[in-house]
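Shared between the two complexes below is chain A, which pairs with chain B and chain C, respectively.
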Partner chain A sequence: MGYVSARGGLDAIRAAEKLVRTKRLVSDSNWLEEEQILDKLRLLVDRVMGEAGLWEPQLASKAIRQSEGDATEAVHLLRAYRSTLPRLAYSEATDVNDAQVMRRIVPAFQRVPGNQLLGRSVDYTARFLERTADADAREEAEKLRGAEREIVEEKNPPAEEISPRRLIDLLRDMDMLIDRRRTDDPEPFDITRTPARPPAPRSALLSSMSRADTGALVNQWYRNILGPDGYLHEVTLGEVRHATLPLNVRHPVTGDVVTVTHIRVSEVEAIEDLEGIDEDRTRFDVGYGLCFGHNERKAIAMANLDIACHRDAGHTQLEQSLLLTTDALDSAGFLEHLKLPHYVTFRSMIERKLAVRKMRSNEASTHDGA
Partner chain B sequence: MRLTTLTSKESTLVFRALLTAFAFPGRVSQLPRELVARMPALCLPMLALTDIETTMCAPDQPELQAEIATITGARTVASREAQFVMHDAMPTDETTLNLHRGTTYQPELGCRLVLAWTVTTVPASPDSTQLRLSGPGVVSGTTLTVNSASAAFLAARSVANSRPPMGIDCWLVSATGEVIGLPRTTQIEAMDFAGSVPGKN
Partner chain C sequence: MALSDLIDHRESTELLDEFAKREIRRATLAAVAIPGYQVPFGSREMPVARGWGSGGLQITLAVVHDDDTVKVIDQGDDDGVNAVNLRRLVTSSTGADESSIASEATLTQSRHRIPEDGLDETSILVLQVPVPEPLRGVERDMRELARMHAEADYSRMWVSLYEDKVRNGVITQSTGYPCLVNGRYVVATTPIPRWDIPRLHDAPFLTLFGAGREKRIYAIPPYTMVEPLTFEDVPFEVENSDGACCALCGKSESFLVSLPNSTTWLCSDTDWCARQRPAT
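For the complex of A and B:
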C-alpha cells in the first residue's frame, strides 16, 4: 500500500483558530479579570515575565489568559509582542545595593547585618491542600483584609533592614572570598539581538539563565549537582532576596538620570567551597543569580550554575547546555514544530526505505540467479 | 502635517498590517486609517519599525527623514548602508542595485524599502504593464498593474534578489494607506495583453 499525503488548508487552520478563540471566550463561568490573574496568580505572572524577558505585569496577565494558563505559550505571546516594540533608550546600570528588600534570608549565617527577613514564604509550611468551603474562605478573607491593613500601617522597617549589608561583604572583610571583580566595564552581551554561543562572556550566560525556562534551569542544576555530570559540591546560599529595583534612564532633554519605574527581582548569591587542586582552598567563591519577579527556585539554580560554569571552565558541555537548551521558546518551538506537516520529508524517508528494499531484492535475485 | 510618536498599540497595528502584506504578497492590506488621517502613510512603516538600533534613509525627503530620526532615534545613513529606506518616487536602478542585500549568513540585514505607490485597478494598457506574481504566500492568479517607471524598478529589484537568501524586501504604500508587500521571495513576470506570461502557457 502506498503512502498518501494528506493536505490541509487555510480554511481548516482558520477554523481551528476560531475553535480555540470561541472556547476561550464563551463559557458558563465568570469572565476572568486581568486583576484576578495579577493578584491571585502572581507567581505565574512573574515567571512568564521572566521567561519572556519583558517586565509588564498587565500584558503578562493578558498573555496568561489568552494562552489559557499555558506558561510557555504566554511567554511566546509576550516575546512576539516585545519583538514589535521599538527601543526607546538604554537604561543606566543599576546598583543592586539600591534594591529595597521585601524578603531576605541568609541560610549560611545566623547573625547577619540587617537581620533575616522572611517576608512572604511557604518554605516552613506543611503542604496541606486547603479544602475550605468557598463561603468560609471568603469570610476569612474579609477578616484578614482588616488585619493586613494594620500590618502594613505598623510596618516601617529601618533602613538597614530595607537595604541590608550583604554576607559577601562580611566574608570579604574576613578575607574569605576570592576576588573576581572586574575593574573594566565591558558592554553586556545582548541575547535579544544575537544568540549566545560558547565560549560566551559571563553577561551572556547570566542573561540567558535569567530568561531561561525555570524548569529547564532547575533540571540543569539538579543534573549538575547530583546527576550524571558527577559534579558533587558543597552548596550554601549566602543571600536569597526578593526586592524592588529602580529602573533608571537618562532624560533625553535634561540629561539627568531619572527613575522611570521599579521592577521586582529575585537575587541569590551562592557561596561555593573551593576544593580543586588548582583552586585556593582557603577561600570561597561566589555565584550570582538574578531574575524578574519572585522566582527563588530559578535564581538559586542560576547562582549555582554560574559558579559551576566558572569552575568548569569549558571542560564539559555545561556552558553549551545552558546557552543552547534552556530557553523556553527555543526548545518548545522546536518540539512543537513537529506537529506541522512533514509530508514531504516523511514521504522521502519512505521512498528511501523502499529503494533500499528494492536494491536488496535485486541483489538477492542476482545472487540466486548466479 | 507633523509626524508624531506612535504608541506601542499603534506601532503594533502598523506592524501587523505590514506583516500581513508580506504574508500575502501582491494583496492590498490597509494601514490603520486613523493614523493615515494624522500623518503621511508612507512614514508609518518607518515610525513603527525604526528605533535607536536601526539605520534609515529617505533621500528624496530630507525633512521627513530628519523628523523620523528625531522621533525614533534611528541613525540616518546613506541609502546603500540603511536597513530602512523610504522613497517618495521610484528609485533609480543604481539606487536599487546598491541597497544592502544582507549576507548569506545574515540575510535579515537586507534592506526594507518603503515606496510611495498608486494602487490602480486599471487593466493593462499600452502605457502600463501587468505583472504576475508567484512565490510563497502569493494567492494564485495575483497580478499587479504598474506604469513604466515602476516596471523599471521592479526589474532592478529582480536583479537585487537574484542571489537568495540575500535580497531586499519592499512595501508599496499608497497615500491612503493601502500597502502591498513584495518580499524578496516573490517573483514577478510581465504578462501580455491576453493575460499570459510570454513563453509560458
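For the complex of A and C:
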C-alpha cells in the first residue's frame, strides 16, 4: 500500500540517526577537539552559552561539535541536558562593579575616568577575507608567539582601568540622570520556573532578553528602527564592556560565600534622551543589557530595548514581544514543527472548504429556482 | 530525599529531574481542580523540540508509573515517526510498558486525535497542544486575554463565530474547535478534529493538555460537560465524508483521512482499523 510506505516508523528514525552519527564521526578530516572549539570558535561558544542560559564552556563546545555548528541545536542540547539535573543552589548576587574589564568603550565622552580600552575587537579591523596560505599563516603564528607573551606580560594596568568607574555614576554626580534605583531588594523573577507574561517585573524582562536568541533581539531592535514598530529611538551608549565576574555561592556546610568560578559577560548601559511630553526633559534615563560571554551586539540591543520597554509602560505589546517571541528554542521549535504530519488537520480543512462550496451552490440553486 | 540522591545523575536515563516532575504534578492537579483553566508551569526543555510534543511528554513523564502501559499516537497512527520517537523516549526513560491497543493502555499520549475506542475510567489521555489559547484569533494581547478568561468574557469569540457563519454559510473552524468546559472556561481542543469533540463530553477518562512551548497545562476531568461553541439554530457539525469507507477495513464509522485523490479513504486510527479487519 502506498499509504503504508508513507509512514515513517522506527526503522526510518534509526536509519536517520545512524546517518547523522556516522557522517559526523567518520570523515577524512582531523578529529575536532573540544579545545579547538573553545579556542578558535570562542564567540560561537559564548553565544551558545548565552542563549542556553548556562555557563559551561566545555559542555557548550561538546554541544557545538555534536550539532555540527548549528547554534540553536547546540542550545537545545544544553538546555535539555540541564533539565535532567536538579537545581541545588542559587548564586549570591554579584556586584557588577566587581567586574574586571578586558574591553570598555564609552561613546558618550571623548575622555573618561578609567580610559577607553579597545581591547580584543574587530570593530576597526578592515574586513578583508584573509586568503593567506596555511603554511604562511603558521609561520606568522610562530613569529607572533613571542610577541603574544609580551602582550600578556605587559598587561598590568592600574586598578581604575580594570574596574573603571561607570559613566552613569558621573551623570548622577552631575544630576543628569533620573534615579530609578530601588531601596527594596525583591527576589529576581526566575523565568525558568515561572512563565513570564506581561505585565512582568523588570528582572523577568532582563533575564528573558539575556537568554534570548541573538538574532531575535537584533531584529526586535531593528524593526523598531526601520520596521513597523518604532517604539524606541537610538540611545547613546554609556558603557560597552566585556568583563569577568566572580560567581559566588554560599557553601552548603560552612555557610561561607565562596567563588566557584568566573564568568565573562558583555555589559551595556544605554543613555536615553527623554523627549516625551510627560517625561523629565532635563535628565537622561538608562537602559541595561548583560549577557553571557562576548556578545556586544546582543547586549546593546538588550539595553536599548530595556529602556524602550520602560518608557513604553505597557502602552503597546513591546513587552509581550520581548518576553515571548525572542527565545531561540520556542521560535525555532515551533517553526520546525510544521514538518510534522498534519494530515488530520488538513483533511478537516478540506472538508470545511467543500462545506462552504456546497452551501454556496445550494444558495445559488435556491436563487435560480426563485 | 538526601542531597546526594539528587546529584548523581550521570548514568541516569531520566529526562526530567524529580523536582520538575513534582512541579508538573502540582500544576496538573490544579488543572484537574479547575477544568479548562490554563495553569502556568515551569516548562522544561526536553530532548524533543518545543512544538513537537514537549508539553505532552513532560506530563506523561511526570505522571507515568513503572506499571503503566503507554500508547503514543500521532494523527491516530502508532507508527508515525513522531509517535515512535516519543514512545521510545517514554519507555526507555521509565519502566512503562507499551501497547498500541487503547483499552490496554493506562496512559495514551496523542497528537491531533482521540483513539476511536478503548478509553475508560482507568485511562488518562495526554494531548499535545501547540496553541493553548483559544481566543488568540480574536485577541493578541495577553493582558486582555487574561482578563477575558477571568471574567468569562467570551463575547468576541461568539461574534467571530457569528461573522464566520454569516460570511461563509457555515462555521469554517476545522480542527481545535473551541469548547466551553464545565460551563466556565473556553479551551482550545488541541487541534483534534471536530469528529472527536463530542467524545470529550461527559467522557469517562481524564484528558490532560500539555503545551510545553507556551508553558500551560489544562485538563478535562472525567464526566465533565464539554460544549462546542455554537448557536441554538446552528448545529455543531463533525467532518462529513459522504458515506466513504476505509479501503482497508471497509468501515465508515471512524474518522477517515483521504489520499490526495480524495477517492481512497483510510481510518486515521490505524490500530482500531487493524482490529476491524478479519483475521487472516
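In the analysis below, the second predicted complex is superposed on the first by the 343 of 370 C-alpha atoms of A that agree within 3 Å, B and C clash if a C-alpha of one lies under 4 Å from a C-alpha of the other, contacts with A are read in each partner's own complex, and residues count from 1 in each chain.
Quick note on the criterion: a contact is a pair of C-beta atoms (placed from the backbone, for glycine too) under 8 Å apart; a residue touches a chain by one contact, two chains touch by 3 or more.
Treat the numbers as computed from the prediction; the structure is a model and nothing was measured.
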Room on chain A for both chain B and chain C (clash or fit): clash
Broader residue contact with chain A after superposition on the shared chain, chain B or chain C: C
Which superposed partner A:R197 touches (first chain B, second chain C, both, neither): second
Partner chain in contact with A:G333 - chain B first, chain C second, else both or neither: second
Touching partner for A:R281 - first (chain B), second (chain C), both, neither: neither
First, second, both or neither for A:L85, with chain B first and chain C second: both
Which of chain B and chain C A:R360 touches, first, second, both or neither: second
Chain B versus chain C as contact partner of A:H251, first or second or both or neither: neither
Contacts of A:A12 with chain B and chain C, given as first, second, both or neither: second
Residue range of chain C overlapping chain B upon superposition on chain A, of 42-50, 150-158 or 204-212: 204-212
Overlapping contact positions on chain A, where the chain C interface meets the chain B interface: 84-88, 193
Interfacial residue positions of chain A with respect to chain C in the complex: 1-3, 7-10, 12-13, 76, 79-80, 82-88, 190, 192-195, 197-199, 252, 314, 317, 320, 324, 329-330, 332-337, 340-345, 347-352, 355-356, 359-360, 363
Residue numbers on chain B that touch chain A, as the complex places them: 8, 11-12, 15, 48-53, 72-73
Complex contacts: residues of chain A adjacent to chain B: 81, 84-90, 193
Complex interface listing, chain C residues touching chain A: 3, 6-7, 9, 12, 14-20, 23, 40-47, 49-52, 54, 74-77, 79-82, 84-85, 88, 111-113, 130, 140-143, 146, 168-170, 172-176, 191-194, 213-216, 237, 239-241, 248, 255-259, 262, 266, 268
